[in-house]
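Please go over the structures that come below.
Across the two complexes that follow, chain A remains constant while its partner is chain B and subsequently chain C.
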Partner chain A sequence: MLFYSYFKTLVGKEITVELKNDLAITGTLHSVDQYLNIKLNNIRVVNEQKYPHMLSVRACFVRGSVVRALSCYIVRKRERVRKGVRGA
Partner chain B sequence: MAGAGEAGIAQYVDTTVSVITNDGRTIVGTLRGYDQATNLILDECHERVYSTKSGVEQLVLGLYVIRGDNIAVIGEVDDDKDSAIDYSQVRALPLKPVTH
Partner chain C sequence: MQASAEAIGLEPAERAPDGASPALDEGETVLAKFERLALVIGGTHEQGEGTLFITETRVIWLSAVDASLGYAAGFPTIAMHAVVSDEASGKPCLYLQLDNGEEGEGFAGFGAAPAADEEAEEEGEDSSEEEGLLAELRLMPADGSQLEPLFQAFCEGAERNPDFTTDEDEEGAGFVYNEDEALAGAAAAALGMGDVEELVGADADRFADPDEEEEGEEAADKPQPSGGC
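So, the complex of A and B:
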């Protein structure tokens, strides 16, 4: 429940989900459920040259069981840079 | 039809979806139904086989029922964007299988 609650606080933010097949998808977090299944909108695949498999996909549902990691670091860093925080 | 919590896939029903399975296959078809275990019913579907040697090969599968355990990603396909892509020119390594 702790992770579910935390993921719910990220709804609306841009996150990157890394899957257990090494695919990484960036998108806006739309929703999350009790299995930690994730729905992303406005997605793009990291390294589209290597992974053109989702070129025509605009939104997706990622099954919680195939998620290796979730990151919002790059987005947080970008926000800090925009706000002019030193050391960002 | 039972929803899989908040992150349900109800809004994808009767639209074209692209499903990536745990063994790395890509299956594109019309989503007709699903349940809380992400089991899917896909109508008029075909598999897209990616390779580096030739363009994408499309295999007609027909009606498929996929067990939820084997599903990695369900993508909502933008039909206009999809028809604009010339898949005979797309070359890529097949996706790796999911390793738990």
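So, the complex of A and C:
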């Protein structure tokens, strides 16, 4: 439950979620649940060229099992949390 | 198309006898239905309009035009979904990425660009990626007001179908064993048996080599007495 507790503290903050297929999405963390499913608002895709169909993303839900890592900026210091459970 | 669809995690959907609703598993029910959704697979493969059914464990799309066309995917296969503006029409649609569980370069179909068959072969890619089908879908509703409930339905479906094994929680998760053998071993241990001599029993001769007269027998199959194994 350690990750879940930590992620809950990031609700409302801007984070970048990296999926296992290298897709990276930046957005405001709307909510997270115990399975680390993540809902984001105000989204922009980090690597747009690779995923051209993801334009003007309004709302997004990412399944916890496909999240590789999650980054956030805290007071100009970048903190990166890597989920080590399933491996990269 | 069917083979490529299965490669990215979409299974062909069977229909119930009425032809309009999906064949469901035992105990499975339709929780929601969304009509007039156009499906596009892999960015370019338009499947036409159809009806989407949400059940406890999966989503099923049945073509409204072709009675033999339909796809189903379990919620665990859906890696992410989002409301996006379709670049062609400018209208909002539901965008989904699938994860069929393959490791390596991430989701099947990703990691390599969606190349034409010839190009893929020239590059010497794995045959499973020859089609170059991106593991992404778009559902475009004729009625835009469906998008919000559609997005919600997928969220709830994912929440209803979490992955269960986590390394921290289950010790020995994924450990494969034969239940019968394990139970037999446990029973033997409980009875205090396990010593070879006890297992051999009183008549050790039954493990002796066969007599040469027994020609019809498969002598090779008889267990040879050994020093304990």
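As a working rule, the second predicted complex is superposed on the first by the 71 of 88 C-alpha atoms of A that agree within 3 Å, B and C clash if a C-alpha of one lies under 4 Å from a C-alpha of the other, contacts with A are read in each partner's own complex, and residues count from 1 in each chain.
As a convention for this text, contacts are C-beta pairs under 8 Å (C-beta built on N, C-alpha and C of every residue); 3 or more make two chains touch, one makes a residue touch a chain.
All values derive from a computational prediction rather than experimental measurement.
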item	value
Chain B versus chain C as contact partner of A:Leu10, first or second or both or neither	neither
Contacts of A:Val32 with chain B and chain C, given as first, second, both or neither	first
Which of chain B and chain C A:Ala24 touches, first, second, both or neither	neither
Touched partner set for A:Ser56, first chain B, second chain C, both or neither	both
Chain B versus chain C as contact partner of A:Cys72, first or second or both or neither	neither
Residues of chain A at both interfaces, chain B in one complex, chain C in the other	19-23, 33, 35, 37, 39, 43, 51-63, 65-66
Residues of chain B defined as touching chain A within the complex	4-9, 12, 18, 20, 22, 24, 26, 38, 48, 50, 68-69, 71-79, 81-82, 85, 90, 92-93, 95-100
Contacting residues of chain A [partner chain C, same complex]	19-23, 33, 35, 37, 39, 43, 51-66, 85
Residues of chain A that touch chain B when the two form their complex	19-23, 25, 30-35, 37-39, 43, 50-63, 65-66
Residues of chain C defined as touching chain A within the complex	43, 76, 78-85, 87, 92, 95, 97, 99, 105-107, 110-111, 135-136, 138, 151, 154-155, 158-159, 162-163, 166-168
